[in-house]
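Structure first, then comments.
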Amino acid sequence: MTTGSPGNNTPLIEARGLHTFYGDSHILHGIDITIHKSETVSLIGRNGMGKTTTLRTLIGLAPPRQGTIKVHGRDIKKSKVHKIVHQGIAYVPDDRGIFPNLSLYENLIMAARSGPNGRDDWPLSRVLDLFPRLKERMGHMGNQLSGGEQQMLTIGRALMTNPDLILLDEATEGLAPKLRKIIWAVIKQIKKAGIATVIVDKDIKTLLEISDRNIIIEKGKIIYDGDSEKLIKEPEILKKYVGV
Amino acid sequence: MQKITKPVQLFLLIALGFALWFPSVGDEFYVELLINIMIIAIFAMSLDLLVGYTGLVSLGHAAFFGIGAYGLGIFFGEMNQYSIWAALPVSLILTALAAVVIGWISIRTSGIYFIMLTLALAQMFYYYFFESKLYGGDDGMFISTKPDVNFGSIQLLDLGNEHTFYYFTLGILVVVFLFLVMILRAPFGQVITGICANEQRVRSLGYATQRYKLASFVIAGTLAGLAGFLEAAHTGFITPSYLGWHESGNILVVVILGGLGTLYGPIIGAVALVLLEDFLPDITEHWKIVLGMIIVCVVLFLPNGISSLSGKIFRIPSQIMKTILRG
Amino acid sequence: MANMSDNNIILRCQGLSKSFGALKAVNNVDLDFESGVVHAIIGPNGAGKTTFINLLSGELQPTEGQIYFKDHDLTNASPNKISQLGIGRSYQKTNIFPKFTCLQNCWIASQSRLKTSMKFFKSAHRDMEVMERAQRALELTHLAMKPEILAANMSYGEQRQLEIAMMLATDPELMLLDEPLAGMGSEEGAEIIELMRDLAKTHTLILIEHDMDAVFAIADQLSVMENGILLETGTVQQIRNSKTVQEAYLGEEETA
Amino acid sequence: MEFSFYLIQLLNGIQYGFLLFLVASGLTLVFGIMDVINLAHGSFYMIGAYLAFWLTGIFGSLFLGIVLAIPLAVALGFVVERLAIAYLYKKGHLHQVLLTYALILIFDEAQRFLWGNDSHGVDIPAALSGSITLTDIQVYPVYRLFVSFVCIVIGVGMFYVIQKTKLGMTIRAGASNRQMTQALGINIERLFTIVFSLGVGLAAFAGMIAAPIDSLYPGMGDNILIISLVVVVIGGIGSIKGAFVGAMIIGVSSIFGKTLFPSMASIVVYAMMAGILIWKPQGLFKSA
């Protein structure tokens, strides 16, 4: 896997015309998304508009019926989920996906590996420095963790796979304000470390602050794609589609 | 319950016409075979109520078939003359009781547990008859004569006559079919199809779903007992293998082969399986390998059974007609 | 048995708790619901609101505490019994029968009010009383136009409406609505809000909702939950002014 | 009857329980992790026994026979998983029941085709053919002790792999959340193939070491299958610990059932299962 070499301007992800179905219901209606290296992109839209489906489609959990997805310029449409993940994509799902029957430590290391080009930037010690609270609970089982700890764990677990891109689905949802601040601070550090992120969140204000680019989804279609400064100048768009 | 479409109605009527006409020309061997098919069809339809409409996958349905048969053998097997009005209720009540017991234990669980429990409890009955000296053990038992069908002192039917038995079985098959159609259209049927789709939701709408599942289980079990009764009366012979889990597996095969949740699918499945079992041994001694492979292929390539195939076949002529009309 | 005769209380929770392993999803909640009132429960996702509703509807059994509905002790009662007592619920995640038609969905709900459905002989669709109740539910939710459409083929918004229609078809006295507006567009949402206003005239509503505008528009009483704990209960105005609540929840949302 | 008689029965029960554990642990892993009902699991026990019989016949040594038979059995498991079981992961239990039932028909008939309808036996290897004297008249065969010992070693090894290794972690993770396991980059299909092949290996191995104390006959897989299903259900589907406890309960009670109620021996086991499930509908150790 050498496609991620520096100086190469191939986007991390380039998806064209995605149509995704759940059974008979048509969720995504032709979505185009491009994510560049080290880019922080927010995905905005109301519930049920296809944000989570978009993330799941990109990582292969909900394969599209139509359309192409290229990761590092390589078509992954027919690839299995784990192959896509090994291209350097990590997924932090909205339900957190902590394994209840594994200890916190096991949750962290079960999938740990080097990045696509052999990088090993995120050893256990660095992840634990980012989330000191996890250090104290290494032996606890996944189902004995609080919501905040689970959220930290699921982000930490994603980092342990040394990804180029993390898909974050509602990473701050359901957390107390103090914990939200911690998670946002971590997301900023992830950004600083040069890892690209696609963030789905309800906290539009912080999203606009943190992201380089914003994408608005409405009924399975992208109706806005532009940088944050531009969107801040057009509050009526947010008002209309997100109700903020 | 989904509507039985016009083409299917037509198909069923043609099949019924054929069945009525066949004994007047058919070879005695095939009359036998058809009786066998019809009994299996009743058995399979009863399982379809459970698996296809209530969503309960039972791997122990043969227990009821066997108990229905043993009910006849144990109480009437050695008599030289007995009335069907006594024998049939005894068999049906026995199976219904067994179904209440097995059902009451099994429906407390779901999914794999339900499958395993029905299997294991049925095996318990199997071993009871297999090991018990009372009812012939693994040698099975014989039934000396067929039941009388009398009204007062007037003989209505002579079941000793093979053709009469044929029409008697056909009549029961039709009655069972119509009975199942009726209960599926009744409020009861609405509830069990709802349970099949989403039991939790049906509960939250206010239904005590366990009771409906148990009722469905008992009805299905009793109808299987009816099939077992017919089988025992027909062959005059009962073995513990009637209750064995291979029999339960076979009858599931019949239901899936024909098409789950259709009622007529099990009839088609019965025809297909009995004909296969009749025809394959002529080709090879190890015909079960072939049968196994056919089942594997059905699961992999035709998961909705033969009746789904027939749906496709019915569609082809109508497609051609449409093309012609448009052209 | 709690004494509820002295006032207008229809549903009472005492020390209600639900734990999943070490996680206390609902933590020692004491809360009374008044008859004829729209009572909304707000709070961030994961605060325990849906767990709370699941306790009220019997889908989950409380680890500790009691629930009383009028003269009945609902603690550990089954969902079907609770439904029969007159408490209906809708789900946040659309929970309909996709392979049934729109009418059949309401039909099976309506039929649950028969004394028993252990009826084997009469065709189900001949019962006029059941039919009328099902159709009324469809009319109230503006779905009466296409009763024969398969639920799976309805739009998302229509499915959400059907979800509520099914609850209505059971003719409940108290309604538990779990995010009825989830994922709806503003127009469809407005219809549902209108419907809830109508229902509120004759029913008691307990509502979980994210959409603050909607909550403020229709709720009489508000309770705020966070991390399984009931932070505060009061009128809309009281909650808006409450410091604790603003810090914990509203503050973040409003400025967002 | 005296104490030593019961001691022997108890030892036999435990030894039978260990064998059941080997078979049931594969079954419960396949249930718990892959959510697949494999009715053909008993057939692999049978195949193991016949392979041991066949290879021992050729090479004259049970040990050599077993060493050669294990890779054959695992390979067979691999092939069956790839050709048939892999299609079942997205299907419901009904189709799993049906397809694996068809596999039983095929395997049973293949056995008849290859080795005929007669019963066979395998001799106990000379080195282990002795007995231990308990009292003047009661002896206990060394081979049975050996079987128990081997089962303990395998059980401990399995526990180590599942609890301590990374493979074990992914197996447990896959059992609780398949999608998340995939999304973390684990090749779940390969994991399933490994688990299934190992399960087949365990069942077949149980058949091999049991061959000298059990007789070989057509359809012998059925018995062990249904007893193992009972074990798994009693223990709680997916739980290795449950499989062990269930196997011991069933092993001991079926041996005592045979001595104490010879006419109703087989029923004892099922009655026990029904009793436990009325008490605990999800089995004794419901897996997480």
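Going by the order they are written in, the chains are A, B, C and D; count residues from 1 in each one.
Following the convention adopted for this analysis, contacts are C-beta pairs under 8 Å (C-beta built on N, C-alpha and C of every residue); 3 or more make two chains touch, one makes a residue touch a chain.
Remember, predicted model here, so these are calculated numbers, not experimental data.
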Listed by label, which chains are in contact with chain A and with chain C? none
Compute the centre of every chain as the mean of its C-alpha atoms, then state which one is farthest from the centre of chain C. D
Any chance you could check whether B-D or A-D wins on number of contacting C-beta pairs? B-D
Distance between the centres, which are taken as Cα means, of chain D and chain B, whole angstrom: 33
If you average the Cα atoms of chain B and of chain C to get two centres, how far apart are those centres in Å? 43
Distance between chain C and chain D based on Cα centroids, please, to the nearest Å. 49
Could you pull out the residues of chain C that touch at least 2 other chains? 98
Chain A touches at least 2 other chains through residues 100, 143
For chain B, what residues touch not just one other chain but two or more? none
According to the definition of touch, which chains form touching pairs? A-C, A-D, B-C, B-D
Residues of chain A defined as touching chain D within the complex: 59, 61, 80-82, 85-86, 90-91, 93, 97, 99-102, 106, 109-111, 113, 143, 157, 161
Residue numbers of chain A touching chain C in their complex, please. 23-25, 46-49, 100, 141, 143-147, 170, 173-177, 180, 202-205, 219, 243-244
Complex interface listing, chain D residues touching chain B: 31, 37, 39, 84, 87, 91, 93-95, 97-99, 101-106, 108-110, 112-113, 222, 226, 229-230, 232-233, 237, 263-267, 270-271, 273-274, 277-278, 281-283
Provide the residue numbers of chain B that touch chain C in the complex, in ascending order. 182-183, 185-191, 194, 197-198, 200-209, 211-212, 215
Complex contacts: residues of chain B adjacent to chain D: 51, 57, 59, 105, 108-109, 111-113, 115-117, 119-121, 123-124, 127-128, 130-133, 245-246, 249, 252-253, 256, 260, 286-289, 291-293, 295-296, 298-300, 303
